[in-house]
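Right after this note come the structures.
Both complexes shown next keep chain A, but they swap its partner, so chain B is in the first and chain C is in the second.
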Partner chain A sequence: MRRAVASDHFAGWAFVTPGVVIILLFGAVPIVWSAVMSFQRNNLLSPSTPFVGLANYKQMVHDPIVAQAIQHTLIYTALFVPGTMVVGLFLAVAMNRKIRFISFYRTAAYATMAISTISEAIVFIWLFDPSYGVVNYFFSLVGIPQQQFLNSPSEALYVIVAMTIWGWTGFSVVIYLAALQGIPQTLLEAASIDGAGPWRTFRRITLPLLSPASLFLAVWLTINALQLFDEVYLSTQGGPLNATTVLVYYLYNQAFQQFNFGYASAIAYFLFLVIIVVTVIQFRVGKRFTYYRS
Partner chain B sequence: MTVTSAPARGGISGIRRQPGHGDAPRARRRRWLPFSPWHLVLIPATLVLLFPFVWLLITSLETPAEALRFPPVLDPHVIRFANYSDALASAPFVRFFINSAVVAVLTVLSNLVLCSLAGYAFARFRFLGRTALFAVLMATLMVPFQVTMIPQFIITKWLGVHVLAAAGIDHLGALILPNCATAFGIFFLRQFFKTLPLEYEESARVDGANRLTVMIRIVLPLATPALATLAALTFIDSWNNFLWPLIAITSTDQMTLPLGLATFQGAHSTEWTLLMAGNVMSLAPMLAVFFLAQRYFIRSVAATGLAGT
Partner chain C sequence: MTKHRRRGTTAVLLTALTAATVALAGCGSDSGGGNAASSGPIQIWEGFTGTEAKTFSHLVSEYEAQHPGQKVSSLYVNNDDTLQKVLTAVRGGSPPDIAYLYGSWAPNVAEIPQVVDLTQVVKQPGVDWNDFWTGERAVATVNGKVIGIPALVDNLAVVYNKTLFAKAHLAVPGPNWTWQQFVADAQKLTDPAIKQYGTAYVTPGTEDTVWHWEALLWEAGGQLLSADNKTAAFDSAAGLTSLETLRTMAVTDKSMYLDPTDSAYGNLFNSGKIGMLVTGPWDLSSFPNVHYGVQIMPSYPGSSGGHQTISGPDNWVIFNNGSAHVSAAEQFLLWLTAPAQVKYFSLQTGDLPTRQSVAQQASVSTQMNAALPGVSTFVANLGNVEQARPQIPQYPKISQILGTMIVSVLLGQSQPQAALASAAQQVNQALAG
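Showing the complex of A and B:
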């Protein structure tokens, strides 16, 4: 018996070591390291990296671009997350039935999942091109004046919201469709026998049963929204006039264009804090509205 | 309401569902259209979803002069395939594709091996430090990549200079090594292994099989769905990853598709026909893989959602 346990120790460590070493080296060690760096002045220009206490964090508080970046990140998240969820829910409900061409409709939605953020951004820059873009053409057909879109400080962020909602449609449709198909038919039948119309059934039966999926999507999409980078990097580089500078873009800019590793680490930890706070709030609030069967 | 449950195949063979099953109220309502009214919603929605793809394809086949016309030319007069050869001549898209494929395939394979080993040990063996180690792994799972990317850059640079050049900055290995095992993969497989019945493993042990043999011969075949899910998710992540390659790679010949495409866009930002041709070539392989293995991808994505709920 004791030998079996001893072999467990050996086998256990032998099995986990390769994977764990990688994760410790590239995951755990960097977490501690960047925490330390956030208290150092580290800008690659000077060889020494002296500890400067909270100087990086203080600098952040007084940095007007950080304030703007926080604002843009939150506006973006507040529009992108509900937008994607509503579009996904609507399409999933519409697609959750056996009608002709349904697999074609579904595949069209799923296809948005297969496209990388970079491909997506390039297509949307072209669609929203101020001079030759097809969106401005559609606008002209219905009498809307020509827009500057990504060149306009007041519009650029919303164009990025639109392109990312499109890019995440497939994902939210898949999640909601899976959840819809888990709803037992008998519950919906019972509701209709009791005289509930389709809308009432949806509000009172379907929507509450979808709440775990909604909570998952809200949390997942928010975590991704707070880390928005690829589309901004490709389409606007944070411009025009910093109108689309979001936290991760500014962090990347500080880290790998200005090489202020210390300051960038402080921003990274601030981002981490924001993600934790927002996620905890979502779970707290979500728990009140989430209904779990079983 | 007609709720489609996945395995149901009713309606295809022309057998109507009995009245009173599922959509009783709807059946009583007079049908005012010869087709389901949901088509009126789904057709415009599908047009909006597909339009970017269609417009991408149209532009990639236009002449540069026609692309730069307003109002836009919706049906090009000349189909110009030369955009594709022009794009290939100005950036090595085949190279990008090969790099992406190498990185994605090696990342998937190493994740399957390393995460299976570790996940199985965490699920089944009792060894010193197991709980603490697992807690550390779970903690790394919560931290966003942006927190770790600067030290990861420094470590990768150091590794390249002092240990293994092929895993250093500006080498493909830098895109594989940091991702060749993930805390998510270990966690995901551990959860799955825990749901498997112990009996098979125990009887194999009694018959004298060692731990590794039991895992390979008995556990992994039972875990095929979980392994396929992990493979699909890892593949998508690796294929679309942009921020880390952007940091780690600077030479054109080491770039993956997203990074190569982004660089290409930077160099030809107003040559729309060229850009769209490059874009089509970049997204076509993933789109093809996606359609071929749609079932797996959809099931994998749905699984993350259902696991989260």
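Showing the complex of A and C:
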């Protein structure tokens, strides 16, 4: 008996070991190493990597671009997360019914997830081109003044918000659709027998039952929003005049363009802390508004 | 700078893994050079694609045929990512023997201890180091030490749309033209009704924004930094002239299409929407739909600068994997960059000859121009490369400050004088720190 247990244990460990080793190598080691680097002056080029204590962290406090990057990251997150959830919820509700070609619509909505970021960025660059873009053309038809979009420090970030909401809509549609189909018909019927109209049913029955999905989406999208990089890299490279420089883009800039790997690691650790804090808050607050059926 | 148009999505992924890359790079042994492996083929990392790749591999096999016992194994690496990968490999103790690295990285590359000092090598008889262009030698040399051999060279000139010039009843640019003419032509070529612009400028605020302006600064007789690279020198009359030129077109005349994406301008020129473009030879093949001409950069009359241009040469850099590998790598590179091979490579690919003796052969220029119209002007323009960007490790930081300065002027957010003063102050800080 003991032998069997032991060999089961052995087999179990044997199965998980390769995975554990890979996770440790590619997960834990870099986490520790970048923590070490955040206390060094390190350009990865020169072998001299003196420890500088908290200098990298102190530098962040005095770096005006870090302050701007934090501000842009927060504005972006505050617009992107609710935006994606509302658009996704609207489309999911619209598609949660039996109409013709429904599977076509559902596939189409998810297609935004399947399209690579690079194509997405190129399409949006042309849509929002100040001189040749379709958006300004429509604006001219209805008498809205022509906008500079990606050329304007006050507008570029919002173009990126629009771009990424479009890109992530498919994801929130899929999550909400799945959640909507998990709502028991009996509850909806009971509500309508009790005389609740469609809006009231949605407000009182559907929305609360969707709350676990909403919490999941809020957390997931927030983490992604705080790590925004690809769209910025592909469309504006942080410009114009740092207007779209978000934390991860600045980190990239410091590490791979300026060779300040120590400073970049400090920024990465700061971002890591922000993500932990935000996520914990979201779970705490979310608990109050989330309704889990048992 | 060469062929920066290619952007690797891999860079995006890599960045997401910044911490991972960085950390893995660190956990290898730091011993670096002098590995036991003294035999075996030499490893070369290059970023050639298409015709360039075919031509390069042909040259490699020719070398192997001519040098029995020598083996060269080449690995494709996206040029934009090579330095990151080299850094990782250096930390892991297994750098390639040779890597193709952008010239703009040279001052930073020079800090890597495993980089082989080629100062004595290029003095060997038969190498004829001075046959390489001034701009190339400047970028391959850091603090008097030669760290690379020129691999590719380019420069900026004006590509113009002949059809649009004819429609506007304008004489096409001549070799003695001036920036005043450029500005006036740009204005006449602009027609908001049909969304046609006189010229374009890339405004992501990166080095691509900056080097276009640096050519103007030099032509106006200015310098970026003092001779000892200790202080900013661009807050000068020349700095003001060059920024005013750009401001007139972007803000006053609105004759300049501003491209924050660094990618739209090429398509627009090829669609006949832009009259003149300051760009390099790599763009020529993407303009099949327009009837274009090429002219050297205009000058500022009265300035000592004359007609200049800027070049973004790239280097072959050797890493120390033991003396046997180093000497094999040196031998291969000297063969690869000898006139015969340079000539073959240029004729096959349309890339500008890295050696003056090759460029000066009339037949080379003619043959290249037949394959790629206009390229002969770029070949001749190599002679106008008189200076190089400062070869100091702080350059990436300086470039960023200058990028912001130029974009803020082009967007009408600040006046040239104030922008120059503020940028100069920041550059001085960066140089002092």
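Note that the second predicted complex is superposed on the first by the 290 of 294 C-alpha atoms of A that agree within 3 Å, B and C clash if a C-alpha of one lies under 4 Å from a C-alpha of the other, contacts with A are read in each partner's own complex, and residues count from 1 in each chain.
Just so we're on the same page, contacts are C-beta pairs under 8 Å (C-beta built on N, C-alpha and C of every residue); 3 or more make two chains touch, one makes a residue touch a chain.
Fair warning: this is a prediction, and the values are worked out from it, not measured in the lab.
After superposition onto chain A, partners chain B and chain C are found to clash with each other.
Contacts of A:257 after superposition: chain C is touched, whereas chain B is not reached.
In the superposed model, A:46 makes contact with chain C only, not with chain B.
Considering which of chain B and chain C touches more of chain A, the answer is B. When the two structures are aligned on the shared chain, A:162 is found in touch with neither chain B nor chain C.
Of the two partner chains placed by superposition, only chain C is touched by A:150; chain B is not. Of the two partner chains placed around the shared chain by superposition, chain C is the only one that A:240 touches, whereas chain B remains out of contact. By the touch criterion defined above, A:193 reaches chain B but does not reach chain C. In the overlay built on the shared chain, the residue A:126 is in contact with chain B and with chain C.
After superposition on chain A, the chain C segment that clashes with chain B is 257-265; the remaining candidates among 59-67, 185-193, 203-211 or 257-265 show no clashing C-alpha atoms. Residues 26, 29-31, 33-34, 37, 116-118, 122, 126, 129, 131-132, 227, 229-230, 233-234, 248, 251-252, 255-256, 261, 264-265, 268 of chain A are contacted both by chain B in one complex and by chain C in the other. Chain A makes touch with chain C in their complex at residues 26, 29-34, 36-37, 43-47, 116-118, 122, 125-126, 129, 131-132, 150-153, 156, 227, 229-230, 233-242, 248, 251-253, 255-259, 261, 264-265, 268. Contact residues of chain C toward chain A in the complex are 7, 9, 11-12, 14-27, 30, 84, 87, 91, 108-109, 111-113, 195, 197, 203-206, 257-258, 260-264, 268, 273, 393, 396-397, 400, 403-404, 407-408, 411, 413. Residue ranges on chain A touching chain B, taken from their complex, read 5, 7-13, 15-16, 18-20, 22-31, 33-34, 37, 91, 94-102, 104-105, 107-120, 122-124, 126-127, 129, 131-134, 136-137, 140, 166, 169, 171, 174-175, 177-183, 185, 188-189, 192-193, 197-198, 201, 212-213, 215-217, 219-220, 223, 227, 229-230, 233-234, 248, 251-252, 255-256, 261, 264-265, 268-269, 271-272, 275-276. Chain B contributes residues 1-6, 8, 10-11, 21-26, 35-36, 38-39, 41-42, 45-46, 49-50, 52-53, 55-56, 59, 67-72, 114-115, 117-118, 120-122, 125-128, 130, 133, 136-137, 139-140, 142-155, 177-183, 186, 211, 236, 239-240, 242-243, 246-247, 257-259, 261-262, 265, 272, 275-276, 279, 282-283, 286-287, 289-291, 294, 297-298, 301-302, 305-306, 308-309 to its touches with chain A in the complex.
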